[in-house]
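Dropping the structures in below, format is structure tokens.
Paired with subunit B in one complex and with subunit C in the other, subunit A is shared by the two complexes that follow.
Coming up: the complex of A and B.
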């Protein structure tokens, strides 16, 4: 398995790399802001795919790791003057540890029960943070404007945040690919297809699922820290939006679960669609309803997602679309 | 001794699925396990390979007490299983299915070594041409072979075959019986559940008979068929009795 020789390995990485580079060369603030949002969703969907696509466990709690990790990272950099890079890593680490602990408990559940438990976790996390004084309770936290000075002013700080997000996105894509093409990944896909049969073949399912949940939760924590730093503040309502979890699921399903390119295509398509819906006079209040209908249609008619459908239809392009 | 089961009992709520089952299986032998439908044969397999934990009794595998160990721990110690209801990993290719067995079986091979091993196992069961196909697209007979290939790729000491002949036509049965003899030829011990009597009688060194969760006979194939208790157990099933008596 020479993964680095597969074209499907380089294409997603090259796309994200080129994308970030173009934004850097253009140097426009508006282009950067648009790219930041889009890239954030690419990374969120890709990290969710590591759990959803490879093990088949549907989590509505992905945003919890974005919220809690982001809160923790933001707390460190705003209250304790941590450097942005280290704070983001710490945010990711906290999310990963939490996922490991939660995973040991909730990953015993399967199917709908697991999905329901993850919704509960989201609400519990929001309630906890709203009442947790060190995190500012219901009003949240703000970053002191002086904090931007160490990065050479607010303008430069925002560019730095974008670059870090770009690196994080490249890392998610790389990790997605490496997991998929490893012995570990083969075990995960066996779990996805038939967990009991996989265990009879020797796959240590409880451990493998927990590790996967941990990997999948690390990235949202990093991204959350970067996102809140860019915004300059964090509050419970922003950090734990259940609809963002659902939208991430739609993105993964739309593009194709279990494929590295799938969530990327799904995130870009969905964000494009959402941008249109939010500005259209008819649909502007209905964009979540449209997302729900979309999810239903995908599950009913194109369960493999867009990239999966192309792969199934044209076997020749398979090695390019991993 | 490859496998020693002593005093195993298993209940599901009010249903006593297994009662005080004890037997021993020597290395390199083929043991047939027969009994009417619902006698607890598959449950016994599930207890032996760790899918269920028995309420009482012990399972000793190659001298080690494995009672209550999860199924993946049992698999890694060298016990593989082919299921009665075939359970292919549909969205993976046939080859990848078998690689799972090789990667996570007794030897825990790396991916590249597992790919080589998978091809060997697929050749052995005669599925090598279908290696690139999705497992979900195989027919029943091929899926049964896939189950066996997955089990073989793990290089187990003991293999549990759960009705691998059910639903196959006579020529397919002959082909799989050859494969089973080939497996024993490799030095792998076999415990097999089977309804096709002619097959059990042909390949088994010894036969166990379960009825309502109780082991009612154990012995050479011919001894077992002549055992009046066994004949009585099958009387509830006239067709099976006729077949049993006819042979």
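Coming up: the complex of A and C.
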């Protein structure tokens, strides 16, 4: 219960809460859209961090849960007329169940072998969906524009989607923190440092890893459903983009893995930079090159990630930056 | 009393002067056309050609002093665009920005159906007209949008003309094999093709899809039964080129090979002998025979430059041959200009009304949109033309337009005679 009193617990939550609130008060479409993209990646990176940061297992398959969960949620929404909120929860639940089943098989693999297996899973999922007729096969699924009427028109539907994403992001941050500060989380970090030693000390490594994998997979499924609903359609090519998995990894590393605040800072920095460069009149033709140079510099000089670096440099602020 | 009368007359005179001059005062109006384009990423070649086409239109219309409305107002155009990296992630964000920050009055879609769908949600929500160029899938127009208008012939009519051509080429032909890329566009095309072929009494002896990015087609080619009359399908440039090459290497014996997307590109000729005889559907080609006279004969209005004028000015400005992507970009702007001039306004409702009823010819061919709520904005008027790579007297490959009858520049030749 002591965790409730830690400033490191409140700061990330307060930041996300204030961010969403400001956007709601501003009530401006452009600000909302920019925030949606950023927040989506904050939530993606933070949920990946639960696995990557705490157990040290590198997964390239995070986007699979975004794709499959999103597909399932969108399927319920478009074909069975489910409500967006319930569909998103169902999408997340499917991702979590899949991760549980998958984890039992692949989490017995360690290190590089696990990472390689997750790449294979991404390809397999895409091939499966493009041949799976209920999900529309290669042509995908779409919602009629009239579907937005149910939420009071497209404008309101997009706001609702944003609010749900905001709630989901708050939930990811909360769960990240709770896992980190639980006995279970200590077990995960023991696995990260030395899995064999952790097992000797009584940590049931395969089970703990599978549970973590399940928790971290729930959120991408929810976010995927929201994102596809907002786009109005989903296709296999958009749902399983390996580069989004890699970008999520980069964001976690950039901000600092294993910290609650790290992936948030990483995602905002990385996507914010990309978004700025894309629309700035000076850089808009060179944005990819400039983003590449920035990344290189950060990784060369601040390998612990931004938040990790600050914590290392100023021990006093550690209790504020969890 | 007299002075009052003078005042009244003077007042009326001044009022008249103001009214008379006011059109001059409000003479110029700026309309912003917003869009995202694939400057980088997998669709950049097609995407940039579309931008070149659109920019050419903006330059030309402004150089001529803008579009002139019946009330004397002159409308000048300005294009604003961002790079969407050929990815969907930021399309909605960028379109929202175009509408709210850059104050775009009209929108043009990104290249490809997936990206255009995402943009359509934003345009419809913000009450902006979106002209799609390069978004061929039929499904976009079945979603209940009322402000989205398609310039391309829809995917469902991409290869159906090849069946008509086959019937004319060899009335005995019976068997068709279909092998396609498994993505949204190609799947939409072949599903419609299969239905059409079956309907016309053809037997579809093979109907298989390959994964996007495939490089080895031998397993599919080996499955094609002997005695097949035509092989159709393909997907995008890279895979379709490889497919055509492997069909040739395997000594495919068929009367017709008709493939998507790659054949109309000039680069396709680099396949050499393997390109010879391959047929491909194209939205538009510089050899197209549309003319103001032909339009008049049909009782339709002609608007904009002739095929020759467009081809020459494009070549001079972009330093490349125009393709249908370039024509699509240009015509998207041209249609907006026509609708603005005819409606005499720049507001969405009036321009939409004109677009709904539009039925005209341009250098790009006929344009007419479906105005029913069920398929609103679907392109009905425009037809595909089919090109075939043939050899001239010197043995050099060139593109011959072989279908439809009205546009052809020469006769179709069988794919392989040996």
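Assume the second predicted complex is superposed on the first by the 293 of 322 C-alpha atoms of A that agree within 3 Å, B and C clash if a C-alpha of one lies under 4 Å from a C-alpha of the other, contacts with A are read in each partner's own complex, and residues count from 1 in each chain.
The working rule: a contact is a pair of C-beta atoms (placed from the backbone, for glycine too) under 8 Å apart; a residue touches a chain by one contact, two chains touch by 3 or more.
Bear in mind the structure is a predicted one, so any value in this text is a computation, not a measurement.
After superposition on subunit A, the partners subunit B and subunit C are seen to fit next to each other with no clash. Of the two partner chains placed by the overlay, only subunit C lies in contact with A:138; subunit B stays clear of it. Once the two complexes are overlaid on the shared chain, A:96 sits clear of subunit B and of subunit C alike. Once the two complexes are overlaid on the shared chain, A:278 sits against subunit C while remaining clear of subunit B.
In the superposition on chain A, contact is made by A:182 with subunit B only, not with subunit C.
When the shared chain is aligned, subunit B comes close enough to touch A:204, but subunit C does not. By the touch criterion stated above, A:196 is placed in contact with subunit B alone, subunit C being left untouched.
Rounded to the nearest 10, the angle made at the CA centre of subunit A by the CA centres of subunit B and subunit C in the overlaid structures is 150 degrees.
In the superposed three-chain model, the partner touching more residues of subunit A is C, compared with the other of subunit B and subunit C.
Aligning both complexes on chain A leaves subunit B and subunit C separated at their closest CA atoms by 36 Å.
Overlaid on A, the two complexes show subunit B and subunit C touching no common residue of subunit A. Remark: subunit B residues 49, 51, 70-72, 75-76, 80-81, 83, 87-92, 96, 99-101, 103-106, 108, 110-112, 114-115, 150, 154 touch subunit A in the complex.
Within the complex formed with subunit B, the residues of subunit A that make contact are 1, 181-183, 186-187, 189-190, 192-194, 196-205, 258. The part of subunit A that touches subunit C in the complex is made up of residues 28-30, 32-34, 36-37, 127, 130-131, 137-140, 142-146, 148, 153-155, 158, 230-233, 235, 237-238, 241, 244, 275, 278-279, 284-285, 287-288.
On the side of subunit C, the complex with subunit A involves touching residues 39-40, 82-83, 85, 87-94, 96-97, 99-101, 114, 117-118, 120-121, 124-126, 137, 139, 142-145, 182-184, 186-188, 209, 211-212.
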